Amino acid sequence: MIKQLILKQNFVLWIIAVCSVIVPFVLPNRYFQDITIMTFLWAGLATSWNLYSGYCKRLSIGHAAYLGIGAYTSTLLYLNFGISPWIGMLAGGVISAIAALIIGGTTLRLKGTFFVLSTIAFAEILKVMTITSKEITAGALGLMIPYQPGFTNMIWQGKIPYALLTWIYMIIVLFISVRLEKSKLGYSLVALGENQEAAENLGVNSTRTMLVAFVMSAVLTSFGGTLFAQYVMFIEPTSVMSMGNSINFILLAIAGGMGTAFGPMIGSFILTPVSNLLRGYLVGISGLHGLILGLVLIAVLLYRPDGILPQLKLLFRYLFGKIAKPGKGE
Amino acid sequence: MEQVLQVLISGILSGGIYALASVGLALIFGVVGLVNFAHGEYLMLAMYIAYWIYNFSGLDPYQSLIINLAVMAVIGYITFKVIMERVLDSDHSIQMLLTLALSMVLQNLALMFWKADYRNIRIDMTNDTMNLGFLTFNTPRVLAFLIAIGASVLLYLYLQKTFTGAAMRAISQNGKAAQLMGINIKRTYGLAFVIGTTLVGLAGLLISPIYPAYPTVGASFSTLAFIVVVLGGLSSVPGAIFGGLVIGVVESLAGYFAGPAYQQAAYFLLFILVLVFKPNGLFGRS
Amino acid sequence: MKKNLAILLVLVLLLSTLVGCGGGSGNGGDSETADPFKVGAIYPLSGANALLGSQCLAAVKIAIDIVNANGGVQGRQVQLVEADAPDPTAATTEAGRLVDQQGVQVIFGSLASGNALAIAGVTEKSGVTLVESGGIADALTDSGFKNVFRILDKGGLRGAAGVSYTAEYVAPMLNIAPKDLKVAIIHEESSYGTSVADGAEKKIKELGLNLVAREHYNSTITDMSALVLKLKEAKPDVLFTVNYINDAILLVDTLKQYDAMPKVLMGCGAGTTDPNFAGTIGADSDGIFCTDMPTNLPLDVFADEAMKNVVSEFRERFRKEFPDMNNVSVAAEAAFAGSYTFLNNILPNAKTLDAEGIREAALTTKLDMTTLGFGWDLGDDGQNYAASANINQWQGGKVVTVYPDKLKNGEVINVPLPIAGQ
Amino acid sequence: MILQVESVTKKFGGLSAVSEVSLEIEQGNVIGLIGPNGAGKTTLFNCINGTLPITDGKIIFDGVDITRKKSHEIAKLGIARSYQIVQPFGNMTTLQNAMVGGFCKTKIYKEAESIALRSLELVRLDHKKDLIAKHLNLGERKKLEIAKALSTQPKLLLLDEVMAGLTPSEVQEMVKIIHSINDSGVTLIIIEHIMEAIMSLSKRIVVLNFGKKIMEGTPEEVSSNQQVIEAYFGVEDGEAYA
């Protein structure tokens, strides 16, 4: 029984995902807790990105736009009207959904490079709009959230609540992702990514499928945007909506394994700490940590284009195969 | 009116550079089918090489043109052999991500080698202007424009008139058929990639007297070149030239009428409009 | 399979060594006398602002060396922990590392206002002091932070300084009444340029000058023709401009090319004060103003002999580190002033080397002179109200201070600019 | 009549790939569609299932006008097709491939799974259900192609050269499979070059040449018709077929 469960690899991955919550507790050091929070947050964000782009194999390099919408909506509502970020998060989700419907409606039928570039274009336009509508968004000056701890303000003194919040966010997105894999929507999406015409001939409504997944992906990304704003407590268009953020979603997902529910999480669990630690400890030579990260990614793409997850699964099979064999594990 | 004409001219002059940066990408995209997000990084490398030569030997970018292009060709060849050749058959998304990672590596390498300093090449000509009636032309920009257009036209003629050029066109239209006709695909791919990187290198060295080199200078050119290429109808060289000029003019006009903050947004907007209403590009056949 | 295991093993090892070397030194915050006193420095060392960031870091290092050579802080040697923060998110994480992992009590930073605000969010919660000598966004000292101290002036004030000077001194030189003076603002669009420009605009309205144009652009702009032609149409007498070095040079070049140079060019900080500015533009820079913190002050401004030596030592060592530069950048001078003053003058007065003690010392200590030429007199908000912007002018490839009178070391030249358009 | 094709024309530019073709099929029937390469057979399939919009004419399926419907709507109404060049979803398993079709008429995972399993059993591919599709051999891919289509639970199935490239024993198996599909009540239109197979499977045969229907009849009538022999077999001779 246990053996069977263990060999079901999603089970092991779920264990990893769920158990990761203890990390911030066993690492009392706030710096490591901070890295853990970033790891959870980025895992959730990369998984959200993966929900559309990963399964459907259509790269969006503009998802930072939704990160920005989430961050700005909740922050503006909070600063101007005192509306709790919990509600602001939902409002951000609604606005992101509308934006994704408009953007998706115009771009989802585009293929390959056209789609990729159109996502960049929309994100850049949104960034410029945010910078120039200074009366509303404070433009390039950015917005600072005053430090007033409290649950309704989604602000805490310690790191643990943030860690729990980002962890819950990650788990929710993961759960949605796993459910998606076992649903009509998921099957349709993957089939569309493999071969659109063949999928349509099997009754897959490509426009609807893609739009639904795209909106889901955007909304979940925007929730992450609110968490991001509440944690860093300072947002500005150039850093929140930068193409660098969009690319980071993709790099985490591809490193872990694009188009799999747990791939982006694994990618974030490995790369987010590594890149933060590299930046922290290789500070003497500027550029070195970016260089190492880039080289690692090139190596992954050249030699393991499916990402780390399949390797990890092999490893599990190997390890647990050994444990399970001697008959102890009844 | 005079002002608007002057704005148009300045847009066209920038457009020439955009065109040159983009024809290389169009060639790589058309022939090799590779979506190269590291394209702009070669422009950055060429600017640094120009700066280096200038600093060590005093040769200005125009005098060091041949050496610089030769180095760029070698760099292009190495990239192709070491990285690109291995992913020719891979998924588009893998190729795209690989070039993204490559641009990350090149930018950070530049940061390590040359630090973040802005490297200026200041030659006597930098601020020279020529006047034609009420119009003013900045000499290095005019020179850059002329060389850029010249090189693009040369590339066009090369594709039209030579055997290798014909082979490239054949591959870009139908790779499999070309292979059946006995064209050495890999070699042609390599050549196209090298020509592409050399051309964007040329663009880099042409702007080096006007604009300083720094590690992230190429980043914005990659996206820009892509947009030009899409506007021009993907693999078409004349299309890329026109696309470049259009972007230059749009950027200038937007800067003049709406303000410089909207320059980029304007061509992104144009790009989306074209995708929606004319998905085959401004000059593509349907 | 084995290969994969090996790779994983290497990764784990790598990680654990990284964690290990950090963890080993993680408990240095306590104040035992033998322990070194740990301070942090967070600057952008990669990314778009890396150039000035690395100069600032070098300046802080020199300051610490000098302080250590003189016996350190309260008998403890100062130990520096460096951090790279290309953007606010990284700044948060890195601030966390310095505070929680390395146990620093004071952080010097951070060049970009966005980074400063992000760092302040971390330090404030942990009772760590942030000494800001680069970010000038007003919000940093207007947000009620208890442990953030800014040695330099606020952005809004700096923008205003150039405008006031123009109305009071430049307008008469041009024989134009301030009311009739046409002015324009062009600024780069990051928070730095925006906050200075906002201050300038406010002052312009207050003084009743004619604002004929205000435009902003991204500092990576490669062609300013459209901008300059637009400006040419507005025909301003005085152009206020806030830029980084790149775009500052491009702006002047383009203005010249289109014969659109206004009668007075009043730059604000970073770009136009950069030593490379005149180096690149050459003789045409003569007469261009640059409002900024006092910079490259002649040594005789410093009455105090010790301070004179410190400043000259700093400049000498800095030039050795950056041989390409013919002058110390203002960002580096500010970073030096911030860190040196704090370590040398403020911390020795602190009863305890914790947030409370340091705050008390920072607020109660008053200095007539820092290495930047102005004094140290903090308000309750942590802003140094003794800080002032100087009006400088390029003359013969050197920055000459023309205002205020106590720091003045030359007379105004070239108003209107000889290269001004018709 | 389950399907009525009324003088359908499809033009590419100026060229008619299909011109004024009419067909009628009764429920449960098997119709063979033959003709030389380029006769417009596959194009006709593409028109029927909505992959290509038709230039002129009308198509009625099961009493519903499907002329302007999109292919996914047509699939839901009950027309499925297989491709001449197999189009498996390469990175999904065999079962997952079939389940994409299985989800056509249900949203419930278990149901889609059992529908897909039944189709795989029908084409005798259930023993490979967990294999990644790109690792299947050609014969298996052809079967998968059919299983995917079957999983949409079609009333009408369009099979495009499912036997091309198969070994003789595989062809025999495929004929059996097609028979059993028809026995389960599915109407079939089959494009095939292997005459023996198509003659034994089809109750009626339609011959296309240059986009036009040149005749329709029983296998015996068709094989003895002079016009067909000239048009079809005359051209066929010189061609290598694959």
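Each chain gets a letter, A, B, C and D, in the order it is written, and its residues are counted from 1.
As a working rule, a contact is a pair of C-beta atoms (placed from the backbone, for glycine too) under 8 Å apart; a residue touches a chain by one contact, two chains touch by 3 or more.
Predicted model, so just to flag it, every value in this text is computed and none were measured.
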>> Tell me which has more C-beta contacts between its two chains, A-D or A-B.
In response: A-B
>> By Cα centroids, which chain is closest to the centre of the whole protein?
In response: A
>> With centres defined by CA atoms only, which chain is the most remote from subunit D?
In response: C
> What is the distance in Å between the mean C-alpha positions of subunit A and subunit D?
Replying inline: 42
>> I'd like to verify one number: the distance from the centre of subunit A to the centre of subunit B, where each centre is the average of its C-alpha atoms, in whole angstrom.
In response: 33
>> How many angstrom lie between the centres of subunit A and subunit C, each centre taken as the mean Cα position?
In response: 35
>> Suppose each chain is reduced to the average of its Cα coordinates; what separation in Å results between subunit C and subunit D?
In response: 73
> Which residues of subunit C are in contact with two or more other chains?
Replying inline: 46, 50, 54, 189
> Which subunit D residues touch at least two other chains?
Replying inline: none
>> Multi-chain contacts only, two chains or more: what residues does subunit B have there?
In response: 108, 111, 115-116, 215, 261, 264
> Which word fits the touch map of the chains here: line, ring, star, complete or other?
Replying inline: other
>> According to the definition already given, which pairs of chains are in contact?
In response: A-B, A-C, A-D, B-C
> Considering the complex alone, what residue numbers of subunit A touch subunit C?
Replying inline: 29-35, 38, 131, 134, 139-142, 144, 146-147, 157, 228, 231-236, 238-239, 242, 244, 270, 273-274, 276-281, 283-284, 286-287, 289-290, 311, 314-315, 318
> Which subunit B residues qualify as touching subunit C in the complex?
Replying inline: 3, 6-7, 10-11, 14, 108, 111, 115-118, 120, 122, 126-127, 129, 136, 138, 207, 210-212, 214-217, 220, 251-256, 259-261, 263-264
> Touching subunit B in the complex: which residues of subunit C?
Replying inline: 46-51, 53-54, 189, 215-218, 220-227, 229-230, 232-233, 245-246, 249-250, 253, 256-259, 276, 280, 324
>> Applying the document's contact rule, which stretches of subunit B touch subunit A when the two form their complex?
In response: 29, 35, 83, 86-87, 90-94, 96-98, 100-102, 104-105, 107-112, 115-116, 215, 223, 226-227, 230, 261-262, 264-265, 268-269, 271-272, 275-276, 279
> For subunit A, which residues count as touching subunit B in their complex?
Replying inline: 57, 59, 106-107, 110, 112-114, 116-118, 120-122, 124-125, 128-129, 131-132, 243, 247, 250-251, 254, 258, 285-291, 293-295, 297-298, 301-302, 305
